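One chain, subunit A, appears in both complexes that follow, with subunit B as partner in the first and subunit C in the second.
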Partner chain A sequence: MSTADRRRLLGPIDASPLYSDITPKVHSSVGEAGKSDKEVRKVFIKTGLVSNASGSSYIEASNIIVEVSVFGPRPIRGSFTDRASFSVECKFLPYLKQPQEDLFRGDTHANNNGRQGLTEVEHKISQYVETAFLPCIILEKYPKSTIDVFITVISTGNTTAPSSILNLTNWIVNCSSLALIDSGIEIKDIVTSGHIKYLQSEQRLIVDPLENEEREDALDCLVSFESLKNDEIVGLWIDGNQKLLTEELLSKFIKECSSMSEKIRANFNNYLLKLCEN
Partner chain B sequence: MILSPAERSYLYDSLAKDELIRPDARADYQFRPIEVKTSFLPSSNGSARVRLTDGSEIITSIKSKVVLAAEEKSLIECDIDIPGFRDDSNFVANLKYNMTSLLNKSFPFESLKLTSKYAFKLFIDCVVISYSSFPLTFISIACYLALKSTKLPKLISDVNDEETAEQPLFSDDWENAQYLGDLNDSKSFNPPLIIVIGVVGKNLLFDPSAEEEQVLENGIIISWYNNDISTPIHNLNFSVHSNMPNYKGLSQQMIMKSILMARKHCANIVKALDQAIEEQTDDGVIF
Partner chain C sequence: MSKTEIAVPGQYITPLYKTDNDNVIHKFIAGRGTTISPISASDEEGTREVQVIVATLLGKIKIKEIENQPDNEQQLEVKNEDTTVKSYLVSVTPKASTYQKFHEQIEGNEAPDEENISINLPREGDIVLARVIRLNNKQASCEILTVENYGNVGTDSGLGANGESSHKSVSASGGTQSLNNYSTVASSNSLINATSADLGETFKGIIRVQDIRSTERDKVKIIDSFRPGDIVRAQIISLGDGSNYYLSTARNDLGVIYAKSEGGAGDLMFAIDWQTMVCPSTGIIEKRKCAKYINN
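Right, the complex of A and B next:
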């Protein structure tokens, strides 16, 4: 233990962060009493709440609450680059339980003297969002600069089920899209995404599932699209326990995700048009 | 090596042709040649080293511990270490996420069960000593080989310990140790693999090299387990420097095509790896 930091007052070695099961109260207008398998849940969206960011957006989708701020283009110091660098950082508020927390928030994070780096789950979401938005932002327009996206997950409904990460990421991507639009950074298209869950035993396909408890036969599929560019897929993530992934199933999944993404896109278009009118 | 714009355009054109030409004359489904060595770390239950001709080298070690199964969240823990990157950097954290979620979804955990209370827990440590292209495939290959060569001590105490407070007892003789694959007698033991596929134009490339990565339009990661496509499947920008000027979205056909291609060739990859384990010389020399 000679390498221990003796200059600061450290907590006990086995200290663990304080968590609670308190879920922030969600507006009754967006909470809903069940929806059919084919429906997309109702969401509350708002842009431009963070005044010192270039663009920001806020979304409430039943018990998922996410806030995204976009900073940039900001100049960088040092050598010239011909395109902007783009980075995404996703963070859960510290009291939240994270999806797959038992797997990825093990001993390595127990003694970190209060300040935590990102967990693997947060890194994974950051990477998905970065991958999905990289093709759509016109980085060539902003040489020698950086564009940073900061995602704050405010509520997840405190579920740790592995598949809830896909549903959460779905709403994060949609929310980030709005924040990028709000920032005025030049983009080729609005990225929207859809998430479906397929229960093999019942052959039941659920669009935008509200309940994400772990099931042995569930397969989750999250796909993000650029609908102006011929419905190109910019993000793909299939996860789950199902072993029989056939081509027909996959193309059905992508189709369902696409139609969900289109619905969200239409809503966003409406919202943005209304914003222009006011 | 970072390519110049002229080199990039030349490479892109040759990879995007109908009859693609790769710089090292590989077919689209071919991997680069790898050199394999297993069971060379004396203090590990299983170990493997994978080397490529470009100097990439990955060493994986597997150690086991007897645990109370009910107290463990998972019986496999995977850690990845890459010199020059912090453990909490995005690059390392994502590799670790991919490997951990792959192994936890696709692994015959029943073969780790010892008694009704106790089980083995496997600690997989992967050191990427050097790499040039996106290392995920080779990390998963090194894990595959190490798991295949993992030997666990033979249990000699009673399997049923529900009533007794007895701890498991193992045979003193290391010669009696069993391969992890033999513990689960019902079927053959094939750990999961991750295949990295690059997308250029209408073509797909297995195992893109560092140069090929720079002209890719997108990347797809597909998992393979028990002779079938498995999850997770996702797309990814392989370039660590996020300097892929060609990077763009995927069409649905390319995803279908990549699944078909993986289905067609992955069984042969697994076969080749199994053969590599059998064919290696058993002299204990690793250099």
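Right, the complex of A and C next:
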């Protein structure tokens, strides 16, 4: 079994990405300016762009651009299984600087093209998405098959601070939901999530923060829900200064994330209904 | 009782039972595109769990009354003699699939809704169309192309193996989307060691020699029944093992429906009886297990 990545066109092994210390001033695409703390940013969504996938979706949330394709159910090799196997793979495009990449990979100039497998960040996101979606997909309906989700991060936010992974993952989860619906794979509920940031010194609670600079007094919380299934929590990720975390704060976070997730859910429902009417 | 409303996945459609003032119990059965989900509901008496039928697909809700089977009625504990039970089948059908579009073109009317689902993995009892790819003296291997009345099996396998891009996109060594590289697969908590086939590979089926026809099974020869390239109408008799479904053609209406003479080099042949086909241009006669496929 070869270990090389055969799934995409790779550049030469010794190629190195262009790297510069100057952070380019990125122009915001959708709804960046003037978002209040309580608002969720405006997003652009589109489904069914990838024609040879079973389902796909594309999302633009200010500087975050994500594309998700769902393949399957596809036949397997090997022994009989009474349900589908579900796998998730998240990849950043090679030219992107990944959040915390210097921490995890030890070298910001690491060669993306030659690398095998996933980086730590990609692993973390993939695992979160898989855990969040496992309870909602009705795997028993698809015996002897695999359902594969491929996430491509086309653009990340402005920053590479740790907490920006949470915001990115938030939009990835939402985008994956749409891709799964587009594929027609049966799911028990739509999974949507919310992300909030808490700044202790200012006692400020920011829903869907656009700025994710690293701060000592910040706490980030990402929660994914199945809103119509008794608001079940299917994923929870807390990052930041965990000494600040209290039970009271946590329940506040979950409440805020739930309301953000419901807003996104409402928008998705609206989009899907329009899609069906046309 | 019928209504057409659009549902999104997770949307509640109806609880399993509803009662009317006029002593009628409405019983709902979860059909295609729906599932039963326990939802907690609160009222004055506290929080209870209610079994609710929810949609699992994006599509139209169809609620159809079905004839009551007496057995089912007995299962329900009808306390009052006057109470009657009405059963309904609840299903959610996605927006027109490819199959439905073809059906409209060919038959000129809409395909029945209950036959329209988005993903059509073969199930036991389904009639499928399969292409014979390999023979040996015990069995014929084939790839399953479509499930009759339900359309192609899987969109991507349809494009890869059956569509126009089949020869261009899939290299001899396998597809580019294959999952046989564990180091790049992030996580799979659900199942270990389930390796997916290459892109464009279809679900496979096997017709064993004893499943070809229902009489004189011991005299059947594979080579006198199928040839590679034939399109066979067969029934799924078992989900089989990991890689193959088990198919059967042991019925009059099952068997070869499309075959070319001389191993595919010749012309299309027609069945003249249940075990012979003839090529009209050369007059050559070949042996097949033919299907008597007449719609009425």
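Keep in mind that, in the parts below, the second predicted complex is superposed on the first by the 237 of 278 C-alpha atoms of A that agree within 3 Å, B and C clash if a C-alpha of one lies under 4 Å from a C-alpha of the other, contacts with A are read in each partner's own complex, and residues count from 1 in each chain.
The rule is simple: contacts are C-beta pairs under 8 Å (C-beta built on N, C-alpha and C of every residue); 3 or more make two chains touch, one makes a residue touch a chain.
A quick note: this is a predicted structure, and the numbers were derived from the prediction, not measured.
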Touched partner set for A:Arg74, first subunit B, second subunit C, both or neither: second
Which of subunit B and subunit C A:Glu120 touches, first, second, both or neither: first
First (subunit B), second (subunit C), both or neither touched by A:Arg83: both
Which of subunit B and subunit C A:Leu219 touches, first, second, both or neither: first
First (subunit B), second (subunit C), both or neither touched by A:Ile238: first
Which superposed partner A:Lys229 touches (first subunit B, second subunit C, both, neither): both
Which superposed partner A:Ile185 touches (first subunit B, second subunit C, both, neither): second
Contacts of A:Pro135 with subunit B and subunit C, given as first, second, both or neither: first
Residue contacts with subunit A in the superposition, subunit B compared against subunit C: C
Touched partner set for A:Ser251, first subunit B, second subunit C, both or neither: first
Overlap of subunit C and subunit B interfaces on subunit A (superposed complexes): 83, 85-86, 117-118, 123, 126-127, 130-131, 134, 226, 229-230
Subunit C-facing residues of subunit A, complex: 1-8, 51-54, 71-81, 83-90, 116-118, 122-123, 126-127, 130-131, 134, 138-139, 141-146, 148, 181, 183-190, 226-230, 268-269, 272-273, 275-277
Sites on subunit B touched by subunit A in the complex: 73-74, 77, 87-88, 90, 93-94, 96-97, 100-101, 104-105, 220, 225-226, 228-237, 242, 244-245, 247-252, 255-256, 259-260
Footprint of subunit B on subunit A - complex, ascending: 83, 85-86, 100, 102-104, 106, 108, 117-121, 123-124, 126-128, 130-131, 134-135, 162, 219, 225-226, 229-245, 247, 250-251, 254
Residue ranges of subunit C touching subunit A (in the complex, touch as defined): 6, 8-12, 33, 35, 37, 39-40, 54, 56-60, 94-95, 117-119, 121, 154-157, 159-160, 165, 169, 174, 176-191, 193-197, 199, 201-204, 239-243
